[in-house]
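These are the structures, in structure tokens.
Both complexes below contain chain A, partnered by chain B and then by chain C.
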Partner chain A sequence: MKLSTYNFLTSMAIKGVKVGFPLKLTINKKEVVETEFNPTFVERLLPKLDWSAIYGAAQVNPSDMRQKMSFQAELTEDIPAVQPENIGENEALLQKLHHLLFEIDVLEGQLECPETGRVFPITDGIPNMLLNEDEV
Partner chain B sequence: MARRPEHSAPPEIFYNDDEAKKYSTNTRIIDIQIEMAERALELLALPDDDESRLILDIGCGSGLSGSVLEESEHMWIGIDISKAMLDIAVEREVAGDVILGDMGEGMPFKPGTFDGAISISALQWLCNADKSYHNPHKRLLKFFTTLFSCLTRTARAVFQFYPENSDQIEMVTSQAMKAGFYGGLVVDYPNSAKAKKYYLVLMTGGTAELPKALGTPEEERRVNYIKKRDACREARGKAPKKSRDWILAKKERRRRQGLDTRPDTKYTARKRSGKF
Partner chain C sequence: MARLKLKKLEEYLQSVDGFEQPKILLEQYPTPPHIAACMVHHMQAQHEDIEGKLVGDLGCGCGMLSIAATLLGAQLTVGFELDGDAVDTFRGNVVDMELPNVDCVRADVLQLSGSKWEKIFDTVVMNPPFGTKHNAGMDMRFLEVALRLANRAVYSLHKTSTRAYIQKKSQEWGARGSVVAELRYNIEASYKFHKHKSKDIEVDFWRFDISKDK
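On to the complex of A and B.
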């Protein structure tokens, strides 16, 4: 699962959950896949994204120590806490956003509903959003 | 008539490893799926400006329809209930992300996320109650309302599906309208048993004219008094075999069925001269 997809996912489908966003992300294993950088697409996507969730995702550390070092060095300081204005002109930031949103593939981990604490596991890069009978 | 897969088992059981494998190896299945996905993308009527858009693929399976979206440079996110099918999608290294989820439980996405949604051969599964607590009407409504909210206000959703009977069509469209969608059914090649395909075209932003179905006669059928004499002649019987009219009528029938047919020209049914 790419982090862009993570930014769209909610747990609203659970009965009684009002917002269900942002889900709490835990990364156990991830992979970096290089994809083509399309600045206009990233820019057009921005209004749909939630900046605090982007910032939050950039702060998530993989539990694996070795990956943690590289991951932190890459991103934690690159993404500002508040959405800057005129992102469209800031090519470097767009590039970093592209890397964060489209090149980081979460293979193993979990998503946690902020309201009910329900955990959705991520296996082989596929988040499992299936619910049980009593949650629908 | 062939048995419908919906009658044999729930989707997460029916699409097991064996069935999923067919969707990556069987070229006939692949061709049909891709053809339908291309038509669905056409019906989606995205603005013609070469920009990549974010499309939701409902019942994405092994990502065959997703690859059609990739070819048009769109980004997509897929959702499917069968883990075996999604594993194939991951194996094929499709560009879109896939999520394991049930349509009837609602779309787990933020409001206003997608610029469009397509779904190939998935909607009919929702018409069945596979578990004791399933209620098809409620599940359809939940699906359509959550889908409506996660689309932008200019988006369309196109579903290719295999309705079992007219009651199912009625149930699906009425729940979609209840959820706030506009639109209706487009039936391609209505005169052919094989090529006939149902597309439910739903719009979020007000009514618009439905796209034209393929393989339907250009003019609507009505009584034409000017050609009354021809009609009388027709009523007396079909044109003599091997005559030009007979050949034209046969070609017209093939066209209505969506089969490949040479265009009518002045040479159609021309007599051979007999000389070499």
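On to the complex of A and C.
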């Protein structure tokens, strides 16, 4: 699961849940895959994203200690807490966002509903958002 | 322009694994490589709806259309699928083919309406369940969701016999639909109840324009 995908996932389909966003992300295992940098695409996607959720995702530390160091160096650096203006002119930041949103693949972990605590597992790179019949 | 020739695209798609054991209740008919290649090639060559775009694939199954879109240069593709076995195969295909910009979410497509995915995708592609077995009208429910998730175009397959109805409903939903091609969709005898070895059904390949400029 890429962090761009994470940005659109909610638990609002659960009965009684109002917003269901952002889901609390836990990363147990991730990998980094290189993809072609397209600044226009990143810029075009930004208005559709929730900056606080992007920032939140950048602060997530993988529980696996072996990955922890590199992850922190890659992610928490330089992603500002508030979305800066004129981001389209800041290619260095667009590049970092590209990396954060499209190149981090969460392989194992979980997403937790902020209102009910319902856990959605991420297995082999795929978040399972399915609900039981009695939950909807 | 498309970055791959149609024939080459089809050749790559031959290596996409399909359903191991198709599930009848979910109408798991695979999209044949030839049809997938023709569909996605058309989307790019005629409408530039693929290259550099954010593409959604509803009921993506093992990922045939998602992978075709990615091979033709979609910047990012997200597939949605209910069935756990299908998403595992999807992931296997993506890893085998080393495609870095495809993602898959296991979810109920019908629950995506009203979610944060609305209007997110430039292009939505799908080969929905035709709604002929135990889930009548399923393809229309998929279409209604697809039109809400896309901001530019939706491509879909529907049985030719339902053409007039689809034209009417899609108009009601604010889309300008047109039939791109009539296909003879060969459903192999994947299920026991099929008497004949394989059976052709007539299917329309639709494009629904939902962009604001007319």
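Rule of thumb we're sticking to: the second predicted complex is superposed on the first by the 136 of 136 C-alpha atoms of A that agree within 3 Å, B and C clash if a C-alpha of one lies under 4 Å from a C-alpha of the other, contacts with A are read in each partner's own complex, and residues count from 1 in each chain.
The criterion applied here is as follows: a contact is a pair of C-beta atoms (placed from the backbone, for glycine too) under 8 Å apart; a residue touches a chain by one contact, two chains touch by 3 or more.
These numbers come from a predicted model, not from an experiment.
> If you stack the two complexes on chain A, which partner ends up touching A:86: first (chain B), second (chain C), both, or neither?
After superposition on chain A, A:86 lies in contact with neither partner.
> Applying the document's definition of touch, where does A:38 land relative to chain B and chain C: first, second, both, or neither?
both
> Across the two complexes, find the residues of chain A that touch chain B and also touch chain C.
Chain A residues touching both partners: 1-2, 4-5, 7-10, 12-13, 21, 35, 38, 40-41, 45, 48, 124-131, 136.
> Any idea which chain C residues touch chain A in the complex?
Chain C residues touching chain A: 52, 54, 75-76, 78, 82, 84, 87-88, 90-91, 100-101, 103-108, 111, 114-117, 119-120.
> Of all residues in chain A, which touch chain C in the complex?
1-2, 4-5, 7-10, 12-13, 21, 33-36, 38, 40-41, 45, 48, 102-103, 124-131, 136
> Going by the contact rule at the top, pick out the chain B residues touching chain A in the complex.
Where chain B meets chain A, its residues are 51-52, 54, 75, 77, 79, 81, 83, 86-87, 90, 95, 97-102, 105-110, 112-113, 131, 133, 146, 150.
> Give every residue of chain A touching chain B within the complex, in rising order.
Residues in contact with chain B: 1-2, 4-5, 7-13, 21, 35, 38, 40-41, 44-45, 48, 50, 124-131, 133, 136.
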